[in-house]
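Same chain, two partners: chain A is paired with chain B first, then with chain C.
And now, the complex of A and B:
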């Protein structure tokens, strides 16, 4: 046996995919937190969730993750990418990094991915459905139309979501998501 | 057809069908190592004399350990706990479920608890609880609709928390499905008609929803043609053995199809109407099915058009221009409902506004529609539906279904 024939395996592409997924989850996490302060429908859905409700979305088996909790104030808060020490009531995991990369590069819509069994969901179904709807709304605000159309089942037309409101809310969500709070949460997770 | 980028399909229920199918049960169960099965059923089935028919058919072959007939219409986990105790006290080693959807689901629950051990089904919750093969389960459906003999789910109510416990596992697929026309002979005509419409809804929805695949498609199309050919004769004359056997087969095939490719709007709205207004599932399905096709036509024109082939036969299909096929399919279903309404002396429902409670009051008051529409967001059937369904969309469809009018297509939100 020649030990030199077994060089270190470099993760290469996988690291890139994981880093990409990490950034997407960070932006979506912050975007969801911001959408809960801006969009009426998100506020309504969040009102129906129990206080202290914590959910995580991520990539099985080893991450990256994002964790969001409904705080005492009744608002959602993005807690970062560490799951350790948190009681997670709803755990939504994409089964592997390849599937996650396909979803996060919008080659498979979130709904189609669910129907294809790319997600494993642990927790109560009504809450999972509520979170999926919130993610759809966040994506509609965060992403340009040409990309969001691929991610959601129905991209709202001007009657469903008037352009004025869409652009105004989008601006507010971006400002909130990338506010100094972002650095604080990143710092706290390091 | 275009192949789906991905799909999975699993159906492994030994199915026996025929006029003497029940006589085969002892041999098949013995082959699975069964000695003392427990029969699980409800009082209605027992009163109809069906348990006598079943025990007569399997007489001598197997030693029946117990007959558990205490399943109420609104079964819950306590019934499961109770049934599992009877099972264990009588040292049974298998279950023969004889009944409709509620009996079959409860039997699946009893089988989980009796096989895995424990005092209450509440202790068996959570994903991955069911990790091994359960004890043998034979299902003898007495309605031709739910298709539960072919599905891998069990829904058990938790009345205290007002929740539904959902168990999903391939180990919940029954070992044996017995389709024998003697089992459905005593079913009243308006129940035959409504449960068959449930099966038709399973077949249609599995054919146009987002998880459609070639295997479930084949099952769905054949189920549709069996129902459209045999439903009216079976309702007109319960003595038509072959018609009833055809419906039982269609129901099982539609069950296998939708267990793998799921359902959409029709079940999304139907589940909530049923839960809020206590309307039977089949009633909701009969009324809502045409709207499911109408609501999704702009997304699935070809698939919904193809349903016409099985509903009306090759001649009408060929005579109808491609563009007009989806609407023609909807029209066929509406005609079927109208015919069933007439044959059953008005007992088969056509629209939500006409359903009455036992005391004559409207079962689905118009004022209940907004609440129903809101609650559809918490039902899983909204995910596989091709078009998005938000509460405003659900309300729009419900208003049409309440009045019994064609869906105004200009009000369907199709997105940008």
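And now, the complex of A and C:
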């Protein structure tokens, strides 16, 4: 049998989808860091996490990733997209880039994605659920309501999150997320 | 109260839904594999399903050892030997079967050859069972009755081997793969799935697990069959039918083979007409024979096909009859899409030979006379095809 008739195949890459996932993770990562400084509920959740707690969220097997750590000061800090040299205590990975693209284009909420088995979690489950709640809150601030309702499990009503407070916090989060600190993170990761 | 004694095995992990094809690399990684050999049917490659499979591996870090696409309708040992040779030379560590039953059987046979480091299946044909776990085996059923091959039977060179090791590790039913190529193919897929589910339920060895699988399969088919037959290319209908095929084949793998399936397979061997054609024509006759012998039919399970409302509207004592009627109706609606098997035109000696071969198969609980009675019934004007006043339905 001539085995050359059946060549070995090296599958290609989905460059656009990876680039899109990279940008979303960068914005969400910075958004989570900013939400921790602005929103009281996020602060309460972060208070329950152990000091030095580091988690990563990304797309298996080859990224992109976002890495966030709870500093000694008790605040969350976005460390960028490189996982090398960091002790990851909670590793949350979306199982493939197609699933990540579905989640990041808001065709599937994070809760629904968990339900569909799109995530693999390596670490403490209560901490993973806490991180999911933080991500939901960050997405509520970062995204317009019409999109955020698709992305989160339940969008808070006007009593839980009054529009004035929401828009004021949203402005603060955007300013913090895209402050010069962003360039610091990018520079450190390059 | 009757005490149940049963055993049930459902080895495959079933991946179903959107993006399930992209889960394959992760499943391979969980099985410590990263370089699969794809055994694909010619038809699947012609429909560019091979390319779709390759795209699912993008960004996965896996290399595909090759796509062996020589499989047509028949699974022969020479193909399995070639596939095993390719597997060894490329240093692969898993099999992916893409296509119908023949592709799955070639992958199973090649898997035995490489796992046992041998070049012959003769010991296995002589009754030996696999002595070690086989390489990871992922099955991606495509159209043309593919989903019905998710069981524990290896059918190669007209010989049947059974072992729990032959179950696929993962069965992937994906919208992009499971679309049938024609209305006839859709009908055949549905008939095989219904037959597997039906005879798992009728089987003497009752097991709640088997019933659960078969019941779920019948429910899926009952909900989607009419829409599926009208629009076979509608993914929303095709995917549940493919899923039903997988569930029914797992249930059937834990049951004795039914008289209709065995007869259909033997007649296929004799006449080269697909088994599904015979199954569609013989099932009503077989059900009528069962009812005539006053054997109780589990109508509550069979009525899953008609839905909850129909079940609720039927008195308890009529459940068996109405369940059989609902099943026959489904078989007949599917049979409209395939040519009629003119059993009366098949020479009597071939029918007799098929009956004898069917009765001599392993694990069957019927004789050649029973098989012939079903064939005779199928050749007559069916009593269920006429109203009580004698008019044809």
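Just so it is clear, the second predicted complex is superposed on the first by the 177 of 190 C-alpha atoms of A that agree within 3 Å, B and C clash if a C-alpha of one lies under 4 Å from a C-alpha of the other, contacts with A are read in each partner's own complex, and residues count from 1 in each chain.
Definition applied: contacts are C-beta pairs under 8 Å (C-beta built on N, C-alpha and C of every residue); 3 or more make two chains touch, one makes a residue touch a chain.
A quick note: this is a predicted structure, and the numbers were derived from the prediction, not measured.
Q: Examine A:75 and indicate which partner it touches, taking first as chain B and second as chain C; both and neither are also allowed.
A: Touch status of A:75: no partner.
Q: Classify the contacts of A:61 with the two partner chains as first (chain B alone), second (chain C alone), both, or neither.
A: second
Q: Is A:188 contacted by the first partner chain B, the second partner chain C, both or neither?
A: In the superposition, A:188 contacts neither chain B nor chain C.
Q: Classify the contacts of A:3 with the two partner chains as first (chain B alone), second (chain C alone), both, or neither.
A: Touch partner of A:3: chain C, not chain B.
Q: Looking at A:116, would you say it contacts chain B, chain C, both, or neither? Reply first, second, both or neither.
A: both
Q: Identify the residues of chain A that lie in both the chain B contact region and the chain C contact region.
A: After superposing on chain A, chain A residues 116, 120 contact both chain B and chain C.
Q: Under the touch definition given earlier, write down the residues of chain A that touch chain B in their complex.
A: 45, 108, 111-112, 114-117, 120, 122, 124-126, 129-130, 132-133, 145, 149, 152-160
Q: Can you list the residues on chain C that touch chain A in the complex?
A: Where chain C meets chain A, its residues are 17-19, 22-23, 25-26, 29, 54-69, 82, 85-86, 89-90.
Q: Would you pull the chain B residues touching chain A in the complex into a rising list?
A: 5-8, 126-127, 163, 166, 210-211, 262, 377-380, 382-384, 386-388, 413-416
Q: Name, in rising order, each residue of chain A that touches chain C in their complex.
A: Touch residues, chain A against chain C: 1, 3, 6-14, 18, 60-62, 95-99, 102, 116, 118, 120.
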